[in-house]
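A, B, C and D are the chain letters, set down in written order, and residue numbers restart from 1 in every chain.
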Amino acid sequence: MEREHNLIPADTLWKSFLYRIIYRSDTRLGKLFDIILLSLIFLSTIIIMMESVPKIDKKFHYTFIVLEWIISLFFTAEYWARIIVVKNKKNYIFSFFGIIDFLALVPFYLSFIFPVTKYFLIFRMLRMLRIFRIFNLLDFMNDGYFIVRALKNSSRKIYIFLLFLVIFSVIVGSLMFMVEGGRTGFETIPQSIYWAVVTVTTVGYGDVSPITPMGKFFAIILMLAGYSIIAVPTGIVTAEMRNKRQNLEIVCDRCGNEDIDDDARYCKQCGKKLA
Amino acid sequence: MEREHNLIPADTLWKSFLYRIIYRSDTRLGKLFDIILLSLIFLSTIIIMMESVPKIDKKFHYTFIVLEWIISLFFTAEYWARIIVVKNKKNYIFSFFGIIDFLALVPFYLSFIFPVTKYFLIFRMLRMLRIFRIFNLLDFMNDGYFIVRALKNSSRKIYIFLLFLVIFSVIVGSLMFMVEGGRTGFETIPQSIYWAVVTVTTVGYGDVSPITPMGKFFAIILMLAGYSIIAVPTGIVTAEMRNKRQNLEIVCDRCGNEDIDDDARYCKQCGKKLA
Amino acid sequence: MEREHNLIPADTLWKSFLYRIIYRSDTRLGKLFDIILLSLIFLSTIIIMMESVPKIDKKFHYTFIVLEWIISLFFTAEYWARIIVVKNKKNYIFSFFGIIDFLALVPFYLSFIFPVTKYFLIFRMLRMLRIFRIFNLLDFMNDGYFIVRALKNSSRKIYIFLLFLVIFSVIVGSLMFMVEGGRTGFETIPQSIYWAVVTVTTVGYGDVSPITPMGKFFAIILMLAGYSIIAVPTGIVTAEMRNKRQNLEIVCDRCGNEDIDDDARYCKQCGKKLA
Amino acid sequence: MEREHNLIPADTLWKSFLYRIIYRSDTRLGKLFDIILLSLIFLSTIIIMMESVPKIDKKFHYTFIVLEWIISLFFTAEYWARIIVVKNKKNYIFSFFGIIDFLALVPFYLSFIFPVTKYFLIFRMLRMLRIFRIFNLLDFMNDGYFIVRALKNSSRKIYIFLLFLVIFSVIVGSLMFMVEGGRTGFETIPQSIYWAVVTVTTVGYGDVSPITPMGKFFAIILMLAGYSIIAVPTGIVTAEMRNKRQNLEIVCDRCGNEDIDDDARYCKQCGKKLA
């Protein structure tokens, strides 16, 4: 962020001014902008939800349309402002948030050309992802990054675990298809696999449940398995989070101790004052 | 506690005496007081529950009213005693337990002015929180504090995780609304989000469950996701609890730092060698 | 065990011989005895289960009665043998397993005096606990003890957590009673509390589920809470298990390192050969 | 793998060439072979699933039969090629994957002799296990091995935990049989045990749920227990994963010990200083 800011040419003072409001939150106007943005994202999400409830939509249909216009126009203006104000325009447009910002606008403008269908919904919902923009404002970036990094570092192990789990569910599902034959909910193998996943993940809707004693016996084994192997992803992520300092750069330069808490001012191993 | 005690003026001996009974449990009368208090809180909770069961309420209606009177008068007397006896009255009144003690009395007295409605219930239920008063008596304070501190220290990470989870559920819920159309339980987006949360948290009531093959396929992915990412809050809290001394008595005697890891040889705050 | 053995008087050789068979499994007869015992416990449990299934009971009623007689007589003989053979009889009789052994016999003999009721069942089921006797045989003692110790050490923290959870469920249940009024499953506060526990523990039977939008909103919050705070008991137990060596006596006598794996022959911190 | 490769006799160049394609993936043909194999395994699984859906099977019955022929012939050819090409044939045939490869072929050839029944299914489904062959290709071996080793190392503790859990469920199930008498879902002890397992593992289908207040009270206790003791397997596996190097390449170069903790400075097996 700091660096981007420095790249802004000094010739256009208003661009620099606008940049500060839009991309940073260290001024009063910048904070106000962030709050308005957050409110509109929130409002937009609520409207999309409420439109799907016939009773409410009937009552407030025109209000919703007007609000949608206002929000969309604001987002459009904001999107242009972001492009104009930033130096490396290409970088912004093809960044994660640049694409989200763009996709959030598309359904509104497409609705003039094509008839509105419920499939527009999901694009409008993507606006919610813009909430993460606000993290800078709230100093939550580090903690969010901590979680994402732990998940990313353990992702390969978790994929393998899920592969095990899926193959296990497919085999157990097929077994149950043989055991429970054509009974309700076990008519086909995919249905039986659906049941196996519902069971092993301990969700247990109960829309499908074993009927024969043999089926119940298998279900008991599957449930105990699911209850035990939840330990695997938990263990993986916990082990990953375990030794990670959130600030990776701090090491004691006297004894080399790397296990330094965020709030430490002295090394707990050798007592040296930390820089 | 110790300090508060010292602040009591020596001129009123009976205040000092009462203080010891009410606020401490190192005398026989003090212990008796604690036990009576605990019993009345427990009794009060049972009465509130039983009053809601028509069959039982019909039978014991007058007993309940009488008991409620006795308990409320005792609590009132106790509240006044606490205020009179303590030196810094304002501190007590606006402390967490002071407010709870007050709110627990309000519904009883309001019921003379306004007609009793079921909304009084929740205030009466707040009395249960007074149970935590009793922790001093049972030496459970340290362990309770250990849990609260671990949750507090990891609260920011857990909030972010919940934010991820909510946004994820909203998007998945919207997707399911598109997939399962107007089928039972997926009539509106909020309903579909309700289903998504029921599924991702592995609760799985089964009051709403996917019907179409496509819906079941999405449900499988969502269940596997929920089963895996439960590792995140678990990992966060475990990592937080991991290095914390469970014996809270070890404190740096130079700077008073209480956050000392099990393997620390020097205080990380002031660099003092630990005993 | 070793010690008990030494206490046996040398004067009665057959007692010493029987002691070895019953209490130890280092002889062929001793192993055979353990296997017979284990089989009978298992058989006994199966019979109790099958007796409760009318269709099966009708068919095998007399077989079950005969088997029950044989098993009970064997257990009686074994119980007397254990008492006769052991030196410190009182110690055995009032030990955990001594009491279990006795209670497992009681229902059989009571059934001659009193009419058999289904309440005898639970005592007969206690026989299952005798399975843990067999652990000596299988070298599982250490691992079982590891789990029990971890649970015992963290039991106070877990009790407090459960107290939090129960109070939380009672308050949420009362709130839901107010929100969902007299709707099915929320007719009384105890019923609403039942629902709250079903939800917060992520069991989610679905026999009771929220109906009103407001109720569903509360349920969402409760589910997210339950999904997150499962981290607390997990974190407590994991932290407890974390630093425990299974063999507590081994410490490096050069550097004092206590974190020594079961299979270590050299200290991983200073390289010293371990005794 | 490396070693096996060296054992191939130089006299038959085409065997060496084929070996490289089949067993390794460092050539373009080798990679192509792996991809074709993976696709066929995947296709085969999909066909088995789809055959169980009457509507789809009716439409594509002959396509499925033809595809099954092609896949089976390819797998047969591959199986022979593997045997011919490898030097130590016996080793391959009786290895885990050798047996899986063989079992995956059996149902196809048996179907010429015996009438096809749904019990052939499960053998055909075993083909899915061949997917793990592909791990070499994707460098997932290490991570998969990490999970398997953690589970293997903690398996004894987990078995004991499951034994506890099963005995606990049997006793609780019997208690509920007494409490809920002959009510729906609690007609027999095995049924009540099924309910107990469904509850304690937090699956909660809801096909059986307590009806009487007493039953609900027991259920509450069981749910709280299940919610808390899930911490046990989680703690066991996490503790196991905790100190294990995730980078398996670090090995003691004196004694070949691979089980080296992250904080180790000396090999715990031979005492050599680690690099």
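Assume a contact is a pair of C-beta atoms (placed from the backbone, for glycine too) under 8 Å apart; a residue touches a chain by one contact, two chains touch by 3 or more.
Predicted, not measured: the structure shown is a model, and the values here were computed from it.
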Going only between touching chains, how few steps reach chain D from chain B?
1
Taking shared residue numbers divided by all residue numbers at the interface, is the value for chain A and chain B over half (same) or under half (different)?
different
The pair out of A-C and C-D sharing more C-beta contacts is C-D
I'd like the Å distance between the centres of chain B and chain C, where a centre is the mean of that chain's Cα atoms.
30
Where the centres are mean C-alpha positions, what is the separation of chain C from chain D, in Å?
29
Chain A to chain C, mean C-alpha position gap in Å, rounds to 41
By the touch rule stated above, which residues of chain C touch at least two different other chains?
161, 190, 193, 202-206, 226, 230, 234-236, 238, 242
Residue ranges of chain A in contact with chain B within the complex:
45, 48-49, 52-54, 118-119, 121-122, 125-126, 128-129, 131, 140, 143-144, 146-147, 150-151, 158, 161-162, 165-166, 190-191, 193-194, 197-198, 200-207, 226, 230, 233-238, 240-242, 260-261, 263-273
Can you check the complex and tell me which residues of chain C touch chain B?
156-157, 159-161, 163-164, 167, 170-171, 174-175, 177-178, 188-190, 193, 199, 202-206, 209, 213, 216, 219-220, 223-224, 226-232, 234-236, 238-239, 242-243
The residues of chain D that touch chain B in their complex are 202-206, 234, 238
